[in-house]
Amino acid sequence: KSVEVRGRMHLDTATYDSDVTELGNATALRRTRLGMSGKLDDTWSFQIEYDFAENGTSANDVYLRRPLGEGTLTIGQVKVPMGLNELTSSNAITFMERASNSNITADSRRIGIHYAQSIDNLLFQSMLYTRGIGGERPSGANSGSDAPMGIAGRLVFTPSVGENQLLHLGVSVAAEDRGDFNALRYRDRPEVRPADIRLIDTGTIADVDSTLKFGLEAAYQSGPFSIEAEYLANNVNRDGNPDVTFDGFHIQTSYVLTGEKRGYRGGNFRGISPNGKGAWEVAARYSQTNLSDGLIVGGEQSNITLGLNYYASSNVRFMANVIFADIKDGINGDEKPTAFALRAQFAF
Amino acid sequence: KSVEVRGRMHLDTATYDSDVTELGNATALRRTRLGMSGKLDDTWSFQIEYDFAENGTSANDVYLRRPLGEGTLTIGQVKVPMGLNELTSSNAITFMERASNSNITADSRRIGIHYAQSIDNLLFQSMLYTRGIGGERPSGANSGSDAPMGIAGRLVFTPSVGENQLLHLGVSVAAEDRGDFNALRYRDRPEVRPADIRLIDTGTIADVDSTLKFGLEAAYQSGPFSIEAEYLANNVNRDGNPDVTFDGFHIQTSYVLTGEKRGYRGGNFRGISPNGKGAWEVAARYSQTNLSDGLIVGGEQSNITLGLNYYASSNVRFMANVIFADIKDGINGDEKPTAFALRAQFAF
Amino acid sequence: KSVEVRGRMHLDTATYDSDVTELGNATALRRTRLGMSGKLDDTWSFQIEYDFAENGTSANDVYLRRPLGEGTLTIGQVKVPMGLNELTSSNAITFMERASNSNITADSRRIGIHYAQSIDNLLFQSMLYTRGIGGERPSGANSGSDAPMGIAGRLVFTPSVGENQLLHLGVSVAAEDRGDFNALRYRDRPEVRPADIRLIDTGTIADVDSTLKFGLEAAYQSGPFSIEAEYLANNVNRDGNPDVTFDGFHIQTSYVLTGEKRGYRGGNFRGISPNGKGAWEVAARYSQTNLSDGLIVGGEQSNITLGLNYYASSNVRFMANVIFADIKDGINGDEKPTAFALRAQFAF
């Protein structure tokens, strides 16, 4: 048995140039996590991590894991295998927030059984999943409600493309039967969090039978330069109403001025470890999300984000983002707010 | 000073054959704990452990401890010394849930002063206790309410009965003055948790002056075979109404197919440590609980549970339970639901 | 990277001689903390600590820290530099609760940027701060609310006064613009917590534009004897109403019967480490707090507290306090309750 403790702080501050919706200057703990991970015996390993930021309690990875066959089996709450941006750790994402389409469409963490296996340049991840910790449980008057059940798969291909280069191609699909939890709501903030309001919002969509999600990923890296793009679509199957489909994409590029490169392992990007006295990175992203389809008018969000990151060490990072948001048919109609945000981050 | 970290995950899934009350298929984190324990100096040791399962926050053992005379003194929140099943760690109980009578009648954790001492084959545990962490505190409009105060004692006798055998005989009593917290409610789930509903329920019993609880325990173990039985009764003394008495019992037997035996120490059973590549255990239990007496019709629950456990190592266990419940005068009258449940567990 | 775990339990019990307001006998976990601290790399260190007492979740110190110039820079949530009593750790305070004027007036922990530097016998601490974790954040209907912003400074002078003696002189000031969070409320318990009710209370004061706080500290120590005094005033600037000023002070003395002295470092007192088999300390305090000014009649509190502390080791302490409170114009008018309280404490 060997156990290590884990911790993380992401502290954000933002100031806004509001348009229609007033957005107040604010500082907020985005993440504060305490956890443990390690080996339980020769075969089994584990992790338990909780986020207590802003005095909430929210489970992150909570699992039991072992090698099985040529791959790895995980039982517990982990991320559903869909989306390069979602699957990249919040410690390693290039901008302060993930692209809006990724936030909205990818399922993040759910309880289930996950299996991952690599064969040469191919990685296959699959998961049978149900609800996430803390919600959608049969109880009290709803004791007869069956939990949602989904199945997801992600295939990543990383063909050899020459020294110090990486080509990542991925496709994922996730099909979920909503069981007796048939109300869903999709909404998001403008890729910045301290003022806590979502400007696009479908409102509650009742009578959802199932969802079918689909994702395409591509990334290319050459030393300190990287570019990634991702498309995600969500077909929402409703019982007494026509289906609706929401989708979106992002494309981003980053360059590490000091020459280091983004890490990559297990189908996802990892952080940057400065070689010497610290690493500097510049980055830009365009993201688009569409939550309007048929009778649902949730709005559209098109954001341009510019980022500057300083890596003091592999555990400490400072980030600056400018977000130019363009909202159409949002909670307050059309608007174009701008945000300037800073993050102080450490993780171990 | 030496400190160790502690952790635990119990992840359950269940499917039901409902009868009257609808019970939905569900998966839930039964326990997710993070904690620390260790030595503060040559004399004093401590533990702090919290449960964050399903994003709640619930204190478990939180105490300061030292040797005193021939025994051990503990100050803080620990289990009231009553009931073999209750006092057996959730990591080591034979079935996924404790017997219903134990859940309902034993007080579990309370804040207080606990003293335990062993003399030859006798173990005596006693505790002066008040409320549990997180409830029953004088505040606001109830600032004048005195907290409950109780006193409990448990005597365990383990006469020598031959090599590789164990005979455990126990008796316990707990008397509690409810102070100004006079409303109590007794209720329980059908010995399985993912669908979170209690089928027997007294509703709120007002005007409770005091309770007097009484327990009898017996267990016999011979190598991999063990049998245990427990009876617990609770006399509820009411101010303006006649007293009521609720009681129940369970009897269970288990056999470790691979030959290992249940651990035993300090008056309680401990877990099973597999000798080689894993241990298999089969078990059966009958439990009965009666929450109906006088004017209170809380219902009766009689359950048969069959269990199969696999111990991958001393830290990792998988459990399967089938529960045949028989409810009389429950929240929805008489019904006989059946549940099939699985647990993945680790602890350290 | 090197990480240490941190923990703390303060368990209190109190019995009251109530006067007008009924105060029930009670036991409560005053603090139960779990945390981590350590070094992230050669430059940066950190701390994350949360309090889960009574099953709440409340952030304490959560920060990233490094040396900068001749001083120390801290980013995150720490204590605003104002008030000797507030800045003394709860593990090291002489009485079970801080003086009421300190509780009410000093800001305790806020998110911000803190810088401290020592030059010879002078220590200067400064902080630019905003809200505390868990409150006062723009969100939902209040998304346009700007967070409060304050700036504080504290200057401590410790002139050389001879061997085994200490003279501490301090002055602090804190100015805070309340942004769009303009409602404040000042209130306090009678320097004892188990029965959770505040006997003096201004009620909500609307239209607060800003506050200006001012503090004076003095302490003298000669071996096992120490005396400290502190005055704190709070000028509350209101938009459509006249300003109000609340103030208060405390004076306390303590003597360690076994000869040890209180630790002192970084402008604050630290705990007592017994030399041999444990240390005994006697102490007395008089505190006065005035929450009535102009149209606001929050009440006045004048308390005498007598204390006896036993330090079993540097990590374990037991405390006994008798508090003679004298309330004028409180929530239930004038009253003179008395409390007797005990604490069992460990920390590491």
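Per-chain numbering from 1; labels A, B and C assigned in written order.
Heads up, the rule we're going with is that a residue touches a chain if its C-beta (ideal position, glycine included) is under 8 Å from a C-beta of that chain, and two chains touch if they have at least 3 such contacts.
Quick caveat: nothing in here was measured; it's all calculated off a predicted structure.
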Do chain A and chain C, two copies of one chain sequence, contact each other through the same residue numbers, with over half in common, or through different ones? different
Copy-to-copy rotation for chain A and chain B - C-alpha atoms, rounded to a multiple of 5°: 120
Which integer distance in Å separates the CA centroid of chain A from that of chain C? 40
Identify all positions of chain C at which a residue touches two or more other chains, and write them in rising order. 5, 34, 56-57
Spell out the residues on chain B that touch chain C in their complex, using ranges where they run on. 1, 3, 5, 34-36, 40-44, 46, 48, 50, 56-59, 62-64, 75-77, 111-112, 130-131, 133-134, 137-140, 142-147, 179-180
Once bound in the complex, which stretches of chain A touch chain C? 5, 7, 9, 11, 13, 18, 21-29, 32, 34, 52-57, 194-197, 312-316, 344, 346, 348
